[in-house]
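Here come two complexes built around subunit A, the first alongside subunit B, the second alongside subunit C.
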Partner chain A sequence: MANNEAPAQVELIIPCQPEYVGVARLALLGIASRMPFTYEQIEDLRLAVGELCTSSVEWAQKNKMHEARIVLRAEIFSDKLTVDILDTAGPRRCGESTSRDEEEENLAQLLITLLVDEVEVTPQPEGTLVRMVKYAGQQ
Partner chain B sequence: MSFKIETQTLDDGLPVIRLEGEVDVYTAPQLKQAMIALLGKGAKRIVIDLTKVEYLDSTALGVLIGGLKRLREADGNLLLICPSARIKRVFEITGLDKIFEMYASEEEMKTATQKEPD
Partner chain C sequence: MRASNNSRKLEAQEAAGWSEQEAEELFRQYKKTNDPELRERLVDLHKNLVRYLAGKFANRGEPIEDLIQVGMIGLINAIDRFDPDRGIKFSTYATPTIVGEIRRYFRDKAWSLKVPRRLQELNQAASKASEELTQKLGRPPTIKEIADRLGATEEETVEAMELGSAYEAVSLDSTLEQEDDSPLSLGEFVGGVDVSLENIETYGDVKRAIERLDPREKAIIYYRFFRNMSQTEVAKRLGISQMHVSRLQQRALKKLREILSE
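Coming up: the complex of A and B.
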């Protein structure tokens, strides 16, 4: 795929519940396997998506948003993969943690930061959008 | 995405929780329950066998850290059997490989722990 071509897009919508986080990871594994990522990079992406979805699930539980959902949108470029995780899990209030232990949250943040090249968090009216970018061919 | 958990007792009486599959936000509560059950029975040292684990996230790490803290408060320890480079990497990138006592095999762990007083 040339750089100026529109990226291929894959979209997955899942309930914002613990049992569906594995579905998001599996989808990401399939998408990333089609790209020139190393085995380790694919594992990094799988873990990062898992952590982001887990965070959405935790906030949905905290906000009692039982009908919340996660939209995973992947854009496949020739040199990078962009993944948007958009949830309707309600607001993530600063200074207020989820039911998770603070240490666990810090670990999740650390993992996400270390595993992907770019992460951007944007509050949305119904939840949060996190965009992560992983470049192929970089370690 | 199957997950299995089984608590066994080794020949020397050491309890071991054997995990298989993916340990994440959905399955980690089962690990927590198994550890709480052993702690409730007064276990001082617990072995977690990650040999057949193929995915592990921060939720699982959090449960393991919680167990380690409780055991060390009671002068005990949590021992991990982790031969998989993929799983070990999660501990390495978070720096937790320096906190947990990790072994590549059950044999290696037995050899090391037989040298220590219980």
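Coming up: the complex of A and C.
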């Protein structure tokens, strides 16, 4: 595949608050529907993005980071879509949980790994970065 | 926040009369005895996991009850294969199986054709609501006003308005390109209603009788006779041997005959 071409990029910055999760989901719909994904794959992507943003929102509330933001960056390649979700929601401490209990948080994480092809979580100075990749044209 | 949550969870567990250790013990006993009653109880204990996961897929145009039903098949498979001594939590073990069944269900339903229709309908309803509201208000309505009128969320409404129109209905007389020069119309590819299947579905008695089978028998009847899968395919799907499918199928059919002659 022609991976050496520069990918188109879309960036969206939203407040780290529950009512904006839908905005991220909508943006993903617009982006992914321009690519050769099936409808089901697009819904999987949107579910994953929704879960990730909800997780960011939960931690922002837990850490009382009321000014926190989420930066969503999508890179559109000819054969895949990568989505970075970077929040400034503060640290996610192991063994602690948000208003969702630990069990639910773990299930949500597990669900995401089932929905996309690659997921990578990297702690950042101000929050967390999650990068996920979904390949187009395969079921 | 956390304390109240945990106590809520504990209350729920107590109400159900179990704890995680208890579930583990049940799994051990079940592995030893294969007692169907124990399995029934394990299914009962983990119903909420299926509900939780099915809920995540609830906005895709299929009734949640159906998603729970197929999720239950995944749960039963997971229960049968779970080894409590491996040190992995049951919910972690079962989630991929349950989600797998739910996603397969969407694929089997040729869902990619169905959803655009759902969006199309919502799209039409949205334009109609928009027109009516414009007349009533004397100005174009906001998205929120349209959403409220439709009983949909704002996200769904925008989605429908944006995308619904992208899926134009195609005429059945439109021709498809072909190698030779005899054009085929799309209508020629549309299948007829399978009368035999419809008959089965309209037999309320049969339906009610199937309801009384246990979940695995139900699954086998469903896959074999409503999905036309071979015994081998069903065996693969349920993670059991073809012989086992054959036996369970015989048993299920015998049960159905008995129930129907009651």
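Throughout what follows, the second predicted complex is superposed on the first by the 137 of 139 C-alpha atoms of A that agree within 3 Å, B and C clash if a C-alpha of one lies under 4 Å from a C-alpha of the other, contacts with A are read in each partner's own complex, and residues count from 1 in each chain.
Throughout what follows, a contact is a pair of C-beta atoms (placed from the backbone, for glycine too) under 8 Å apart; a residue touches a chain by one contact, two chains touch by 3 or more.
Because the structure is a prediction, the values reported are computed rather than measured.
After superposition on subunit A, the partners subunit B and subunit C are seen to clash. Shared-chain residue A:G30: touches subunit C; no touch with subunit B. In the superposition on chain A, A:T38 makes contact with subunit C only, while subunit B stays out of contact range. With both structures placed on the common chain, the touch criterion links A:G22 to subunit B and to subunit C. After overlaying the two complexes on the shared chain, residue contacts for A:T54 are found with subunit B alone; subunit C is out of touch.
Of the two partner chains, both subunit B and subunit C are touched by A:L107.
When both structures are laid over each other on chain A, subunit C collides with subunit B only at 92-100; the other stretches in 38-46, 92-100 or 110-118 stay clear.
The interface of subunit A with subunit B overlaps its interface with subunit C at residues 22, 25-26, 40, 43, 47, 51, 101, 103-104, 107, 110-111, 114. Within the complex formed with subunit A, the residues of subunit C that make contact are 1-2, 5-6, 9, 49, 52-53, 56-57, 60, 91-92, 95-96, 99-100, 103, 106-107, 111-112, 115-116, 153-155, 158-159, 162-163, 166. Those residues of subunit A that touch subunit B in the complex are listed here as 18-19, 21-22, 25-26, 40, 43, 46-47, 50-51, 54, 57-58, 100-101, 103-105, 107-108, 110-111, 114-115.
Those residues of subunit B that touch subunit A in the shared complex are 1, 22, 24-26, 55, 57-59, 61-62, 65-66, 86, 89-90, 93-94. Considering their complex, residues 22, 25-26, 29-30, 33, 38-40, 43-44, 47, 51, 97, 99, 101, 103-104, 106-107, 110-111, 114, 139 of subunit A touch subunit C.
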